[in-house]
Amino acid sequence: ACGKAGSDKKNSADSGDTKSIGLLLPENASSTRYESFDKPFIEAKVKALCPDCNVKYSNAEGSASKQKQQFDTLIAQGVKVIILDAFDAKSTQAWVKEAADKGVKVIAYDRLATGPVSAYVSFDNEKVGELQGQALVDALGAKAAESNIVMINGDDADPNAGKFKSGAHKVLDGKVKKVVYEQSGEWKPTVAGQKIGAAITQLGKDGFQAVYSANDGMAAAIITQLKAAGINVPVGGQDAGLDAIQRIVSGDQAYTIYKAYKPLADSAAELAVDLLQGKDIKSVASASIDSDTDKGIPAKLLDPKVVTKANIKDTVIADGLYKAADICTADFAAGCAAAGLK
Amino acid sequence: MSTNPTTTEAPAPAVDPRLLVREAGFAGYVGEFKRKIKSGDLGSVPVVLGLILIGAIFQSLTGDFLNADNLTNITKWVAGPGLIAVGIVFVLLLGEIDLSLGSVAGVSAAIASVLSVRSGLNEWLAILIAIGAALAIGALHGFFFAKIGVPAFVVTLAGLLAWSGLQMYVLGDKGTVNVINDGVIANLDTYFLGDGDIAFTWAFAILGIVLFGAGQLLDSKRRSAAGLSARPMSEIGLRTGVIAVIALVSAYMLNQDRGLPLPLVIFLGIVVITDFVLRRTSYGRQIFAVGGGIEAARRAGINVAWVRISVFMISAGMAALGGLFIASQQGSADKLLGSGNVLMNSIAAAVIGGTSLFGGRGKTWSALLGILVIQSIITGLDLVHVNQAIQYMITGAVLLGAVVLDSVSRRTQKSSGRG
Amino acid sequence: MKEMVHVTGAPVLALRGVSKRFGAVQALTDVHLEVHAGEVVALVGDNGAGKSTLVKTIAGVHPIDEGSIEWDGTQVGINRPHDAQALGVATVYQDLALCDNLDVVGNLFLGRELRRFGTLDEVAMEKRAKELLDTLSIRIPSVRIPIAALSGGQRQVVAIARALVGDPKIVILDEPTAALGVEQTAQVLDLVERLRDRGLGVILISHNMADVKAVADTVAVLRLGRNNGVFEVASTSHEEIISAITGATENAVTRRQARIAEEAK
Amino acid sequence: MKEMVHVTGAPVLALRGVSKRFGAVQALTDVHLEVHAGEVVALVGDNGAGKSTLVKTIAGVHPIDEGSIEWDGTQVGINRPHDAQALGVATVYQDLALCDNLDVVGNLFLGRELRRFGTLDEVAMEKRAKELLDTLSIRIPSVRIPIAALSGGQRQVVAIARALVGDPKIVILDEPTAALGVEQTAQVLDLVERLRDRGLGVILISHNMADVKAVADTVAVLRLGRNNGVFEVASTSHEEIISAITGATENAVTRRQARIAEEAK
Amino acid sequence: MSTNPTTTEAPAPAVDPRLLVREAGFAGYVGEFKRKIKSGDLGSVPVVLGLILIGAIFQSLTGDFLNADNLTNITKWVAGPGLIAVGIVFVLLLGEIDLSLGSVAGVSAAIASVLSVRSGLNEWLAILIAIGAALAIGALHGFFFAKIGVPAFVVTLAGLLAWSGLQMYVLGDKGTVNVINDGVIANLDTYFLGDGDIAFTWAFAILGIVLFGAGQLLDSKRRSAAGLSARPMSEIGLRTGVIAVIALVSAYMLNQDRGLPLPLVIFLGIVVITDFVLRRTSYGRQIFAVGGGIEAARRAGINVAWVRISVFMISAGMAALGGLFIASQQGSADKLLGSGNVLMNSIAAAVIGGTSLFGGRGKTWSALLGILVIQSIITGLDLVHVNQAIQYMITGAVLLGAVVLDSVSRRTQKSSGRG
């Protein structure tokens, strides 16, 4: 034959782009965290560590196939380090390998992507579920053992949702009387609201003593429906959205899970810049973890935190996530005063 | 083989002897009904039967479906998607489609809540601005479709993307906005008339019955006076009776729970008004004409571009209203509001209710019937505890089942009619 | 009025007591009709008399409600157009029934495309199409323009030509010359005669008594969905047929003639 | 052939050098036409001659490419059907252009609905519809059935009746009697005469020379998209018109007549 | 005011003198082209221009768009949604819609991977079973639509739900399945012909050019021989030249990167085959006839039910193929494969490429052109890296812009044509 394709091209990937870091986040709809926190925090930290570096960001909108395209597009652009929050961590084995073959390093962010990743920074998603379960038990207090629970889980199609669910069950099963109604809310508030309506119809107004909601968006709709039915029981979520913090202030929601995005983002940025500049990463990623496909991945694992009315000040406000003024709009002024936020 | 031709008849046309005139009285009513069943000309009857079937099945499976509070919930939850479906009926009557309505619902809810909550604007004003924005969006769609000639599918697909982008943009970094406690939007879903006073429910039901009966009577009177064929009294009585039973039973059920839900009243009101516009005004006639044959409509001097633009404004406006009800129902406006199945459910509602996708045939009542079918399936399945995969499969099957009945009867009609 | 029925052996097609109803309208009631090989039967009647409906029941467009259809003496079921075509019925519909998006060639051969190595033989079809249209003396700018771009008469000629592709035993023409010019009308009448001479049965629907008298052997009159007489053309006057159609000896036509005669004086 | 043009003052409508092209087909080339108040102009021509196209340019369906249109002596722009209607042109199209999904009443009053308290006055419209159809002596099972359920002739009458709702100055009828029975045809011819007597201008397109000769004052012939003569009806023979239409003294019509005469011998 | 009528002409119709015959040679070609621009009869030219515009804009914004490897990526990624779009073209030609194709793609990919990976079946066999399942699904849709008379919209909406439920069910609790390393499915996306040998690319391009040119020549010969108007040699030369330039430039670009991608070859192959079926076989003609006028088609003796059922089988089969390509591209089959924008993008591709939503007008090449437009927008925006909200708005605007050009030219056509 007459030769190999690409033999005479000035390969952009070979020449490389030593100033760009790719950032791939999985979705933007079911949670506001990605574009509200992860992206800006990472961008800021990268700028601080390496002023002439830039971050090339794309969002997969909940599609593995789309994320793969974005991944390849970054490589086509010559990016050498990619921070990957895999939409579906299981799918990535072949991609990461392909990238590694081309000398592109991948940092698994938040979700442990399969394949030969260079490092991993995350919260433990199973742990999130456990914290949610425990917080609900705490909110019930002494009555916990006699309490019936309604669980509204995340979308079955989302791999994280399964982890939250199993984590929560680990704690709840045994500590509460019974999970009397359990359905997927598909990460959709309206769906969650209608499921809780069905639960009320079936169990009656006194048929359950607390509601587990896998995230805050669904919790909002659940609380609205409970209120409309005149039911007042603890409801918890996840993500520490501003609206959730406000509901905690007003006493409508019991807790949320705050995954401290800033430290997470900062570590990812540090790792990325180090890899870009060829430095050693052991100081940041001091732990080690095994994925389904690879062993001994350098890792940094952070702890998610439960936020209740008592620690709003010490968590989301202390970390600079929100200002008291953001939270304490007219509707919530009274609650804020009571909670000592000003 | 030849018969003797009649040669005595007068030339001026009398009533056509081939027209089968129905017997008078109740027997005639029954005969007519039998004929209609045979020729498949049953109107909404199959859908209503489908609805009853769904109710019966879920009741027997769960024992909770016919609870007063479950039924009340259903009547509340139909308002949001139902209003969007009303808008879709208008667009479908033109033989077109509007894919943007979910996004328009989302962006309108976002605008109203951001303005009222974050910017502290008066809530009514915020709502007006949001609806105004939706009307402008609809006008823009209509313009590109009617004036530039871009297919409505493409225009509204572009809109679907652009307006959900705008929705995210409006909600901004902080994302979800809670609606104001006990505010206007919050009350859309949660308020019961007279705070649950049963008198309102009864009054509303009786008002409906009286208006219906009186309307039928007056119409019949005018027609007889003008020498035209009119509905016989027996039929008017029977029809009003059926309506009365439905209205009174519904009122009774609602009063078992929390009373007359505001969303139901508004939704019914809008269905009645839009139905009136479509059937009783020149504008409505023009919509049907454009949908039935655009060239014929144009040649009749109808301003086709204006009809199209205005219909896209109506659909966007309805979507905005629907979006506010959805926000009220979920207690917040978020980036997801209006996405997912919202649009498909609304289109399906219109189609299940009997509005044609090919233009020129349908009514806004079909939005009501169709969304009741869909919401009943959803709510019924929520009561049955199976996993999400199975639920999807069952939803598909029930949806198909609910329409098969209707299709079979229409098919009879088709095979016994032209075409 | 004479009772004379033209008979040459058994009829190819016979309708016996056919009824058809649309919703509340009884379009046909107990209709009888016979067509023999080599016979031109004119089917006439007032507007809305049921002529097109009758034709559509024969063509399989609407299945009949009651009665029976006999083909060469045996009873047959015609439930869809395909059945009628299989028997050998070619139909030119009043509403033409052409596909607006296909070109003239595509419409002419629809359902009976000429093929070559299994694929469409466009060249052969185009050639044949031109020949067919030439015999009907119509000028169509191009046989490759979509039907939607043709004039009313041009479309009608395409529909007529369609019936000649294939090898029918009975040809039904529902007002085939309604939109045609004088020359094209003459050609179609010639065509009808050629079909008869080739031994085909022809059912011709027309409101034009001159045309009917020129080519038909028998005239069957429908009135308000019922038979109203069958006449031997040779021995029946124009006026007799008209009065069978309108159901009156005194009618708008005679009135108009009387008035004009009056004014002429 | 005489050059006699019927003139009663200035024409209501005059086309001057109108041309119209569709893609690669030049449908009209430099066409002139005049219509006076109280005059019936017959527009005749072979199939595809451009009659319907000409009518559509007047009715605003297709804007013209070149030339001009004058109304009462002043030049006007007719770019959409609405413009023509506003001037006072009522048109019955060859393809009828009715809305299949609307009922007879709905179609009759489309765009000119009768109203009462701002809403549709169905009772008044239904009554008027019945009256209108009665004058055209057509029997339609019910004025409340959709157009799709009507016979060809019934539809055509509805289209004609449509033109009489409103108050036009010029009525254009494109082959209005093509699908009509003898009685209905007579009624339409009567109607044309009544319109003329009321001082309206009428453009009548027809392939039926007898009808043309019966009601028209002037005959304008189109051939292959160009004017091919304007004749005074009273002083022109059938044959002269036919040969202007076909562009030949020897044609299918004469050939057919000759042959029949031959056979008769 | 009267002219002398011609009386000399022969009665037999010759060529219509009003038909504007084009001048011979190159001048004629240019004249014809000018006329086409004026009357808006430009075929695919506006879409191609739109594509060039999109390329130019993104290249100037990012500097990376026209990289060989980015272009190669685009050619690989069009296969999945493009094949679904081919199926959609068939359905749209009937004037119908198939909403289930995303789910069908998903369930087929799930079946193939679960069978091959978890059950250890031979991968080819697994693929065949998956495609067989899709054909059965399509037949089921077709049956309910054509035989029972349920609107296609409702049938396939029910399918959309049911089959995505089935997809979840097949994948089960363990969820995502990775495709076999270097297996058949894995290679669909990643293999380059001859492992990147440039000879394959050149050979493929030249084969295409020769086949096109020879086809045109042969056709023209046969037509001349039969005495019909034929394309002049100059035009054949020009057309073949244009094709040659496109093919050779593409080959050169591909060879700058990894060579000739398998997905491109398969996709192009299927477009060519389906185009042939639609334009050159009786079956294809029947599809157009049913889409152009169902009653006319029925009266022509066409078995309308069979055409409908088979078309829904084709669309489902294409979706299954598309699903396998998507699985290959993402390296796995998951519960969300085929959901989200997949269906909308494919429908939009067909429509942007010029296939009508109202039936009877379109070709499978439009799937290729349209999906190139859409994938270029998506990839271009991925290169730009702005935030999601803005991206959505830009996508909407670009999508609209790409079609406006086409619509404006079609509008000219409309106003200069009938209707």
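Each chain gets a letter, A, B, C, D and E, in the order it is written, and its residues are counted from 1.
The working rule: contacts are C-beta pairs under 8 Å (C-beta built on N, C-alpha and C of every residue); 3 or more make two chains touch, one makes a residue touch a chain.
In UniProt terms the chains read B, E = Xylose transport system permease protein XylH; C, D = Monosaccharide ABC transporter ATP-binding protein (CUT2 family).
Remember, it's a predicted structure, so these values are computed and weren't measured experimentally.
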Most widely separated chain from subunit C, with each centre as the mean of CA atoms: A
Most remote chain, CA-based centroid, reference being subunit D: A
Chain centre separation (subunit B, subunit C; CA means) in Å: 45
Approximate Å spacing (C-alpha centroids) for the pair subunit C, subunit D: 26
Where subunit B touches two or more other chains at once, by residue number: 11, 16, 18-19, 168, 295, 388-389, 417-419
Set of subunit A residues in contact with two or more other chains: 28, 35, 156
Multi-chain contact sites of subunit D, meaning residues that touch two or more partners: 22-25, 137-142, 149, 183, 224, 246, 251-252
Subunit E - residues contacting subunit B, complex: 95, 99, 144, 148-151, 153-155, 157-169, 295, 344, 347-348, 351-352, 357-358, 388-397, 399-400, 403-404, 407-408, 410-411, 414, 419
Subunit B partner contacts - residues on subunit D that touch it in the complex: 59, 61, 80-82, 85, 91, 93, 97-102, 106, 110-111, 113, 115, 118-120, 123-124, 126-127, 133-134, 137-142, 148-149, 183
Of all residues in subunit B, those that touch subunit A in their complex: 62, 64, 67, 69-70, 73, 77, 80, 117-118, 120, 168, 171, 173-178, 180-181, 186, 189-190, 326, 328-332, 334-337, 339-340, 342, 378-379, 382-383, 385, 387-389
Touching residues on subunit A, where the partner in the complex is subunit E: 1-6, 8-9, 11-13, 28, 35, 39, 55-59, 61-70, 72-73, 75-78, 88, 90-95, 114, 156-157, 159, 162
Subunit C-touching residues of subunit D, taken from the complex the two chains share: 22-25, 45-49, 51-53, 94-95, 137-142, 145, 149-154, 157, 175, 178-187, 189-190, 207-209, 224, 242, 245-246, 251-253, 255-256
